[in-house]
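In what comes next, chain A is part of two complexes: it sits with chain B in the first one and with chain C in the second one.
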Partner chain A sequence: MKIFITLASQELKRLWRDSTFQVLAVFLLLLSGYAIFSSTEQYGHAYTEHHALTDTARYMLQHQKPTSAHMAGHYGHIVFKPATFLQAIDPGVNAYTGTTVRLEAHRQNEAVFIPASGQSSLIRFGEFSFAMLLQVIFPLLILFTCYRSIIADRQNGTLRLLLCQGVSMRQLITARAAAYIAVYWTFLLLAALVYGLVFYMGQHEAGAGVLPRVFLLVFLYGLYYALLIALTVYLSARANSPSGLLVGLLAAWFIFTVIIPKTAANIGAQRTPLPTRVAFDQSIADDRKGGINGHDTRNERSQRFTDSVLRAHGVDSASQLPVKLGGLLMQADEDFNNYVYDKAITRISSIISAQNRVGAVSGFADPFMAVKNLSMAIAGTDMHHHYDFTKDVEDYRRVLIRDLNKLDAARVSEFKDSKGKLTQEYWDQVKDYRYESPALGWSLANYITEIIALFTWIVAVCLLIALTSNKIRIA
Partner chain B sequence: MLQITNLNKTYGDHHALKGLNLTVNKGEVFCLLGQNGAGKTTTINISLGFLAPDSGEVLINGKKVGKDGNDTRRHIAYIPEVVMLYANLTAVENLDFFSKLAGYSYDRKQLRDFLTDANLQSEAHEKRVGAFSKGMRQKVGIAIAIAKNADVILMDEPTSGLDPRATDEFTRIVKQLASQGKSVLIATHDIFNAVSIGTHIGIMKDGQLLHVVGADNISPEALQKLYLETI
Partner chain C sequence: MTKYLTIWKYQAVLLLRNRFLVAGLLFLLVAGLFGARYGKHFVSQQEEMIYAVDTLQQQKTAYAIKEIKRRDTATLSLEEQQRFDDVMKYYQSAVAGAKTVVYRPGPFTSLSIGQKDNFPFYHEVSNNFRGADIYSTTSTDIQNPVKLLAGNFDLSFVIIYLFPLFIIALGYNVLSGEKENSTFTLLRIQGDVKRVLRHKLAFQASVLILLSVVINLAAFAINGISFRQEAVQMSAWLLITVIYIVFWFSLVYFIASLNRSSTTNALVLGGLWIILLLLVPSVIHRNVSDSHEKELVQTMFNQRGDYSKAYDLEPAQLADSFSSLRHPYPLAAMKDTGDGARRFYEGLMRSEIQIRFNNSMGKMVVESQAKEYARTLRLNWLNPVFAVQNAFNQVAGSEINNYHQYLAAAEAYQAERRYYLNNIAIQAKPFTLSDFLKVPEFGFRQSVVNLAEALRLLLPVIVLTLLLIITASLRRVIK
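This part shows the complex of A and B:
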């Protein structure tokens, strides 16, 4: 242990005095500062915008012109995906999924107003986020700072002198790796602290459960950097040529961060292709033809539904019913529409899950894939969270429309005026839409494969160092 | 004590060592003479455990140098042809670092004393070694060896490139170490220095130790003649 501490502290001292490392450290701090500033700015903007838009939509809902429940269903409502503190760290797929959903009767609208669509092409395909810094830039700097960690000693001749003092290669690799891990963990913790401070000073709401997720993100990236550092230091001990090693590491970085993620996405899309938007809409339209059309009371299915309602109430005509038939028909139409939508979305979800499985499994070949997916999951910005938001919005829409259909069917209601129009009291009591992210456990449960892949990498690198370090050729 | 018994090593078709036998007892300085490729450095590398022999064995104080050589390296001090140190550390810091790795923790005064014993001028003690000459680095290397208090000292061409004064100082220090009971093995090309520094001189050719003579029994001129006849 004494040797370990001596080696690690000497490496830290050396790094502290190394001008190349000093330049890289300043570069890293500047980049981190910029990433923190820009992402918190973006988050602050999104947060303010979300609150302003939500208030406006609420005002419009409550102050709409007096109208019937049926027309109110068509007019609908607009809800917004909330901006979260964690999306400032890892925006995930948020830049490519919509933030605004129009809720209306008979149809499930997609989220629109995709942040990336309003940006230039350069930003659309590579927005500089803090996650990008953590996932792409930090690893690159790790390679640059660690690749010479032991090969420099081999070149300088100090390696032989070190080993002659009774140091084993395993001790040297682990101690040097520990020194670099300490450095990068300090950067990481410093960034997390500054992030927290900037966020706190911005006086934004963090939301429940954010803190454990932030800790988990720090832990995830800490683990990832430890893995990269240990592997780089080990390779530095094995390599014979620094330039050859650097070229190899840069190639690996490029393959891990660009080639494999793109290839995995392409393989997934080719193996289980999604239908085109037109085909998807057409299949829903075809399925809907088999249901009740609430606006066409004379079609066969509407007639059958009307007959069954009349029979159930033991009356001969709709005017004898205690409720308005139109409202019941609208809800029947809605129920069938919901059934068709659920069926279609289940089909699409299974295709996307199959595509994502390729990405998940590729984590065994590329730890970056596992870390990227886990980071999005912990930040709550992955596709699963987006689907959860979409489902939550749809649940809210169904309740909103069902209540309006109920009012439409009611002959008399406290929320209707003498002309059958909805009063403002009704809108006042309609609950606001509030989306709460699922629990952390739910987020991680979707990524068991990635968790296993990451731990497999860690165990493999530990075993590699433990079992083969002392066999590395010295002379 | 260093004992080498029937050591063989080949690199492909090339026989670097052919049944090498030699012993360096306590207090002895054994100088290995030979041309480049004679097997001197291979002998040192195997003794340090950096290379595995094809057959034969090396014993350090009776303990066999194993596959990774880590156990026996604790009893060996090594001074290469060019002592390379950490350029951004001072002489004292380098010595402190290497001593701690060897399991010794000295205070600043002791560290400076070791450097003084190795003839490094005191004003250089606290300077970063990046700007040191070869001779000055060699002195820090000697200080590291002294501080390690190893029983066996291996040196590979230690006087190569040193000026006469530095070589003379070096000779004095090695003799002092031998007088303290250290076993010293030096691989060198320098016939005259071998005679002045060694107690025993061996001449190697093609991986074989062809002659071993006592330094007291031979003049530099006679050794030179024998060396030229042998190689």
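This part shows the complex of A and C:
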């Protein structure tokens, strides 16, 4: 243990004196500082804007023209995807998903106003965020700082001297790796601390469960860096030429961070293609044709529904019913549409999941993929969270429209005036939409493949070091 | 001259002997061809969708013709004919007015997809304000956001991302390698070292340029781009590629002239790759971009009817508002005082005012996006890689300004079509089949990027390249 500590502390001292490391560390600190401050500022702006828009939509809902429950259903409501603190750290797919949903009767509108669709192709170079630094830049700096860790000793002839002192190659690799891991973990913890401070000074609502997610992000990247450092130090022990090793490591970095993610996404899309919008809209229109149309009482299914209601109440005409038939028909129409949309949307989301499965499995070949997907999941900015948001919005819409249809069906109600129009009291008691992110366990449960892939990599590297280090040729 | 020919020959032999570099060249070739095939696949998918849209449009046209013929062949009494005309006047113009315009991929879109996969690529152009909005941002294709985030593996990606890496691999030890192999002294006694260095780099640049030409020509062939029709654009594309390659070689030349070790050169050039391709574009994006959500939401509120509508105007206000507009309607012809005609005139006026208002809301968003794009372009002096990507996208018609040009053309077309149809109705003429067949067609064509335009777009890159070459040439290489 003493040898281990000595080796590690010596490496830390050497690193501290290394001018390349000093330059890289300053560069890293500047970038991190910029990332932290700019992302929190952007989050603050998004947070304020979200609240302003939500308040405007709420005001418009409450102060709409006096109208019937049916017309209020057509007017609907507009809701917005909330800005979250964690999206400031890892924006994930947020730039490519809609942010605003119009809720109305008969239709399940998708989230619109995708930020990237109103921007130049500059966005395709990537969004600058702390996650970008953690996923792309830090690993590169790890390669730059660690690749000479043992090969330099081999070149200087000090490796043989070291091993003559009774130090095993395994000890040397683990001690050197531990020194680098300590440096990068300290940096990660510092960054998390600064993030927390800046954020709490900004006095924005963090939302429940942010802290454990931040810790888990630190843990995830800590593991990833430990993996990269151990592998780089091990390869440094094995390699004969520093420039050859550096070129090889840079090539691997490029393949892992740029080529594989792009290729996996494109293979997934080509293996399981999505239907065209025209085909999708046509399939919904076809399915709706056979259903109840609340606006067309002569429609065959609407007629059958009317007959069944009359029979159930034992009356001959709609005017004898205790409720208005129109409202019941509208809800029946709504239920049928929900069924049609659920079927169509489930098909689309299952195709998208199948496409993304290629990326998940590629985590076994490329740990970056596993880390990237897990990071988005922890930050709540992946596809599953977007689905959860749209599902939550849809549930809200169904309740909103169902309540309006109930009121439409009611002959008398405390929320209707003498002309059958909805009163202000009704709108005041309508709950506004509020989205709560799902629990952390739910977020991670969607990424079992990535978790297994990451642990497979860790175990494989540990075994590699444990079993083969002492067999490395010294000469 | 013979001496420099020898340098080129020697470099060729060295290159062929280096298995890694030869494998790298082959990898670039394969990646380029894959990129070309990938782009072709993307465009064919979009064309499949456009085919479906065109088919629907043809069905609409056939339906409109059938309706007009039905009216023309019906045996009606004078009174019935009058009533029918009153109704059909609006109905037929609406039938004829419903038209879908398409933002088609250009011949080079497959080579540089840019933002083409992110923009809606067809819109309903309605004659009626109740119809769909030209500026609607609803996606016209179902997309997987994860794939959009990963980006496209098209030819421009291969040129922009992969070529520089290979240039670094070729040139990082162009001078330092001689020192490290102890051949520098031998080189010095041959004469001007800097000239030898330039010849070595010129040889490497020629190899890469030749490879890029081969890849580009193969990509043109794969995507069926005809030389006869697209010679100017092809030349512009090739010129952009060459300038980009020369830019990276000028960086290598500059770094080589700093007289550092091969490892330091590799580190610095690798760092520059990251800075120019990852950090600078993303930092600039962070500073100039906006989600435009605030403006976009206004269009949604408007679409829902939250803002005052033209049909809320009193008749006197309506007449005032309409007369303040610039339009080609023959007001003198609007003289029928009958109830039906009055309703029609009012409807037309309300529709005209409302369409213009709706479009002004949409244009507000577009203007805000255009300003953002202009800010981005102004920063191209710091962001040379985006200048190159933007130039490729201009040739391909896949950048945001190209989309805005299409939207402007769609709006102009909407107005032209509306005026044509409404003029017939105002003059109380029966809407004949011949009138229908004369309805204007949408003919948007992307502006062509010629060599001069390509050079203008790449001005920051050219100036930076020249500065690097001049600075490197002025430095003393021999120490």
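What to note about this one:
By definition in this document, the second predicted complex is superposed on the first by the 471 of 475 C-alpha atoms of A that agree within 3 Å, B and C clash if a C-alpha of one lies under 4 Å from a C-alpha of the other, contacts with A are read in each partner's own complex, and residues count from 1 in each chain.
Keep in mind that, in the parts below, contacts are C-beta pairs under 8 Å (C-beta built on N, C-alpha and C of every residue); 3 or more make two chains touch, one makes a residue touch a chain.
Note that the coordinates shown come from a computational prediction; the quantities given were computed from them, not determined experimentally.
In the superposition on chain A, contact of A:Gln10 is made with chain B only, not with chain C. Looking at the shared chain after the overlay, A:Gln165 reaches chain B, while chain C stays out of its contact range.
In the superposed pair of complexes, A:Leu310 makes contact with neither chain B nor chain C. By the touch criterion defined above, A:Val361 lies against neither chain B nor chain C after alignment on the C-alpha atoms of chain A. In the superposed pair of complexes, A:Asp18 makes contact with chain B only, with no contact to chain C. Applying the stated contact rule after C-alpha superposition, one finds that A:Leu321 touches neither chain B nor chain C. In the superposed model, A:Leu29 lies in contact with neither chain B nor chain C. Legend: residue contacts after superposition of the two complexes on their common chain; A:Leu444 is shown touching neither chain B nor chain C. Taking chain B and chain C in turn and counting the residues of chain A each one touches, the greater count comes from C.
Comparing the two complexes, no residue of chain A contacts chain B in one case and chain C in the other. Touching chain A in their complex are the following residues of chain B: 45, 48, 50-51, 67-68, 70, 73-74, 76-78, 80, 82-86, 88-89, 93, 97-98, 100-103, 141, 144, 148. Residue ranges on chain C touching chain A, taken from their complex, read 38, 41, 45, 48-49, 52-53, 56, 114-115, 118-120, 137-153, 157, 161, 165, 169, 173, 262-263, 266-267, 270, 274, 277-279, 281-289, 291-294, 296-297, 300-301, 304-306, 365, 369, 372-373, 376, 383, 385-386, 389-390, 393, 398-400. Residues 2-3, 6-7, 10, 13-14, 17-18, 156-158, 160-169, 470-471, 474-475 of chain A touch chain B in their complex.
By the touch rule above, chain A contacts chain C in their complex via residues 20, 31, 34, 38, 42, 46, 49, 52-53, 56, 60, 75-76, 78, 80, 92-93, 95-97, 99-100, 102, 110, 112-128, 132, 136-137, 140, 144, 242-243, 246-247, 250, 254, 258, 261-266, 268-270, 273-280, 348, 352, 355-356, 359, 383, 386.
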